[in-house]
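Next up: some structures, all given as structure tokens.
Across the two complexes that follow, chain A remains constant while its partner is chain B and subsequently chain C.
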Partner chain A sequence: MKSRSLRWQFLLPAILLAGLLVLPEVGLSPNALRLLFVSFVWIIASLAWNLLGGYAGQVSFGFAVFNGIGAYVAAMLIDNGRLHPYLAFLAAGVAAAIASVLIGLPTFRLRGPYFAIATIGVSEAIRVVATNVDFTGGASGYRITESRQFNQLEHYYCAMFVAAVAVATTYLISRHKFGLGLMAINQDEDAAADSGVNPFAYKLKAHAIAAFFTGIAGGLFARYAAYIHPNGVFGFHNSVQILLMPVIGGLGTVWGPVLGGVVVGVIEEEIVAYFPQAHLLIYGGLLIIIVLFEPGGIVGGLRRLARWIRRVLERGPGTPAADTPSEQADEVLWGTGSGPGR
Partner chain B sequence: MTLADIANLVVAAVLLAGIYAVMSVGMTVIYGVMKIVNLAHAGFMMLGAYIALEFFERLHLDPILAALATFPIMVIVGGFVHFTLVRWLPRSDQPTLPSLLLMFGLWLVLQNLGYLIWGNTDRSIFTPRTFDVIHLGPVVIPTIRLYVFIAGLGCVLLLEALLNWTWFGRALRALVQNPYAGRIVGIDDEKIAGLTFGLGIGFAGLAGALLASLYSFNPDFGRPFLIRAFVIIVLGGLESVSGVAIGALVLALVETFTIIWLPAGYQLAISFGLLVLVLIVLPGGIASLLGRVRRLA
Partner chain C sequence: MNKLTKFFGGLAAVRDVSFEVRRGQIFGFIGPNGAGKTTLFSMIAGAQKPTSGQIICRGKDVTGLRSFRLIHEGIARTHQVVRPFRNMTVLENVEVGAYFGRQGADHKSVPEKAMEILRSVGLQDYADTPAYVLSVGNHKKLEVARALATGPEILLCDEICGGLTHAETAAMLELLRQIRDRGVTILYVEHDVKAITAICDRILVLNYGQKLAEDTPEQVQLDPAVIEAYLGVAPKGWDNA
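On to the complex of A and B.
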């Protein structure tokens, strides 16, 4: 039983990956390729946020900072062919990770909701400074002139590769002692500290890994769009979007953020195009519904459904079933924070 | 800088502090009783601003009267939101992440309703008196700011009286101090929480309505003020009205005087930076600092 489910765990992603690899060869419209590319970029950021917000339970409203830093570092390095784009992406990730440590050192002295509020302050402060300094192009933005020809397929594969790495990283972390430590911090920070987890160091590390990926996502998007401006890449709406994806998909899971990234990518690119006047309403409504009714997000809902089906099939209706997986997802979201302290 | 300049800046800061206090007390009472950090505060401020605008444009009410008329409407809105959404949150004596996310979702919904109803153009409440000033020796006071200050201060004082001299106020303060003991002596905490939430949202709406006659606004209105309100309630120690008054004054003074050395564009960065600094250095607010000094002496 266990080996079978383990086999599926690797087989399904492999099929998905193979499908996405050959899909462009079969022939996809440039618009479909763009939609997939944007979804990959969102998935990377979503998985990254989930490491800190889902596993460790530290909700951050400030991931636009890493998105923005990544976008600008990559843009400035790629511009006029100064550096190969892939090296520039790496530099973007490293720069964002360094920024995350500088932000995390003071703010991780705060717990739970106080950390969340502080991140709003940090990210808005950085946005204001970024709109007022010269090298970001100020409010009028920064245009990227690339020396090589635009090749949409290359962008597509590049983003897909990073997204796959992000999925693999999340999977490995969730199986590793590090991931268990993060989950312990989420459930009870003091108890985690007593049993040998250093919460401060763990959070800082998770923050840095998350920032690294978010920075690369920012760089990928900047190179694709060839134009960025501080209010766009550092904007509060970016932080919101990055936070919404894993919450919608399912916090503290590997595939939840991926699903959330696809859902938000599709909402953003397709539904918003038809109902531009209702786009915040859709996000806000989804958030309220998920908090009140299904804290496990899409993955939690699917698990509940699967459990219900299994129960009906195996034991006939009416028998209570053991339910561990979704309970864990509940724990992730509903775990309480504590007062400000160090 | 002459003495007159300094006097002008101080007066401006005090007037600013009045409106900051109105905008933060709502957040403080909600936090005190329910331990919910109201991220939707900015959304309710925006709603209050637009309701005042409707009163002003359709009924030709004086802007200050329009703001005061907005207050009871927003109290009802707050009570309704509590009844439909907030009371289903799990109860806790610490702020929880679900409450944060719920209020955040509510903010997005309110903002979207604002765009649907009023569109995205900047609006403002403008009367012939808007640019009137009073000369008091070398000090120049814009009258509209003075009226806003008086109205705001009056409401905050009324709230303080309500908290001190009514049964509801006593029950509220009891729940702030110890929710369990409050329940034991027979306080219906569900009812008090609903009333408190309504009152808090009422003050958010009032603050938005008062700000509407000072600044132009659109449905995205309020985000910078939300973060200022955070700074103020953290400075004030999170749970007391008098703490809020001190916090508001400190922030207003810092913002007003830093303009001398820094471009106005950075003003927001200062209040955000101050927020982080205060959260980390002074988690108990200014009151805790005074307490620490007293303990040392």
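On to the complex of A and C.
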């Protein structure tokens, strides 16, 4: 039983990955490619936020900062062929990670809602500064000129690769010491410290890893769009969107943020095109539904569905279903932390 | 411990309390409400910094170290109001202690080690249950298990029998004895005088933040100053009556 579920755990992602690898060869419209590319970029940021917000329970409203820093560092390095784009992406991630430490040092002294509010303040301050300095292009933005020809497939594979790395990283973290420490901090920071976890150091590390990936996501987007401006990449709506994806998909799980990223990517690309501003309404509605009915997000809902199906199958004629304690194990409580996705 | 003092504003919650605990002892703190037991305890556990004084553990000054550093000095605590990682399983709770404890442990040995500790406190049947469904008695056991998993030399127990039934208290005291017999020193704060005199090798009595007496349980109970603190002054002629 156990080994079978374990085999599926690796088999399904492998099939998915293989499918995504060959899909463009089979033939995809440029529009579909773009939709997938955008989804990959969102998935990266979503998985990153989930490390800090889902596993460690530190709700940040400031991830636009890392998105913006990544976008600008990559843009300036790629522009006029100063550096190979892949190296530029790496530099974007590192720059965002460094910024995350500088932001984390003061803000992680705060807890819960106070931390969340502080991240809003920091990110808005950085956005305002970015709109008012010259090297970002100010409010009129920054255009990237690349000597090599635009190759949509390369963008696609590049984003897919980083997204796959982000999934693998999340999976490994969730199954090892680091993830366990983050979950302990999520549940009770003081008790975690009393058990030997250094909460401050752990939060800083999770923040840095998350910022690294978010920075790369920003860089990927910047190169694809070839034009960025501070109010776009540093915008507060980015922070909210990055936070919403794992919440919609399922906090503290590996696949929740992926599903959330797809949902947001599709909404963003398909619905906004026809109904500008409608996405806000949709996000608001989704959020209310999830917080009220399924705090575990899509993954929580799927788990519940799977349990229900199993119960119906096992029940057979005349034997009542028993509620076992392990069923409650998957219940996820918003605020008191997430059900660990182990 | 040396001349430990803690001021809250102008109020001395604990004043100049000094004592020494020997390896392998169960050392108890008692005292009436507000005597400073909890303050003293939380200073030793690293939750509060003493205003003055020193805490020496095995020749090393550990005064004011944060609790996760104390774990590496071999000092672990349990909580009076239990603080499990609620949504994690009982086994995972103990795994946290094992991973982040003094010896550290690798990925393979941790679940095994955690399971062994669960067996030693009698929680093995609950390994895969989420911690929040446990009863009070089992929560207290989980507190002990998680602290033990860090591999402590000194275990600080804060009212570990509070809220337990008589049978549970007896079982818990037996557990503490077993832990002591494995060479772990135990510092024990308890409200319940009966529990503490039953198990401790030495007892320190606090009153108004000061040390009133320190002796074996038998001697402490006979100490007139202790009787006075707990029962008030005997009225004149009481002895004759």
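Keep this in mind: the second predicted complex is superposed on the first by the 315 of 342 C-alpha atoms of A that agree within 3 Å, B and C clash if a C-alpha of one lies under 4 Å from a C-alpha of the other, contacts with A are read in each partner's own complex, and residues count from 1 in each chain.
Note that a residue touches a chain if its C-beta (ideal position, glycine included) is under 8 Å from a C-beta of that chain, and two chains touch if they have at least 3 such contacts.
Values in this document were obtained by computation on a predicted structure and should not be read as measured data.
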Broader residue contact with chain A after superposition on the shared chain, chain B or chain C: B
Which superposed partner A:Gly57 touches (first chain B, second chain C, both, neither): first
Partner chain(s) touched by A:Thr131 [first = chain B, second = chain C, both, neither]: first
Touching partner for A:Phe236 - first (chain B), second (chain C), both, neither: first
Which superposed partner A:Lys177 touches (first chain B, second chain C, both, neither): second
Chain B versus chain C as contact partner of A:Leu280, first or second or both or neither: first
Partner chain(s) touched by A:Ala191 [first = chain B, second = chain C, both, neither]: second
Partner chain in contact with A:Arg109 - chain B first, chain C second, else both or neither: first
Touched partner set for A:Ala118, first chain B, second chain C, both or neither: first
Residues on chain A lying within both footprints (that of chain B and that of chain C): 333, 336-340
Contact set on chain C toward chain A in their complex: 45, 47, 66-68, 71-72, 76-77, 79, 83-89, 92, 95-97, 99-102, 107, 110, 128-130, 133, 146-147, 149-150
Touching residues (chain side chain B, partner chain A) in the complex: 37, 85, 88-90, 92, 94-98, 100-102, 104-113, 115-116, 223-224, 227, 230-231, 263, 265-266, 268-269, 272-273, 275-276, 279-280, 283
Chain B partner contacts - residues on chain A that touch it in the complex: 57, 59, 106-107, 109-110, 112-114, 116-118, 120-122, 124-125, 128-129, 131-132, 236, 240, 247, 277-281, 283-288, 290-292, 295, 333-341
Chain C-touching residues of chain A, taken from the complex the two chains share: 176-177, 180-181, 183-184, 187-188, 190-199, 325-326, 328-329, 332-333, 336-340, 342
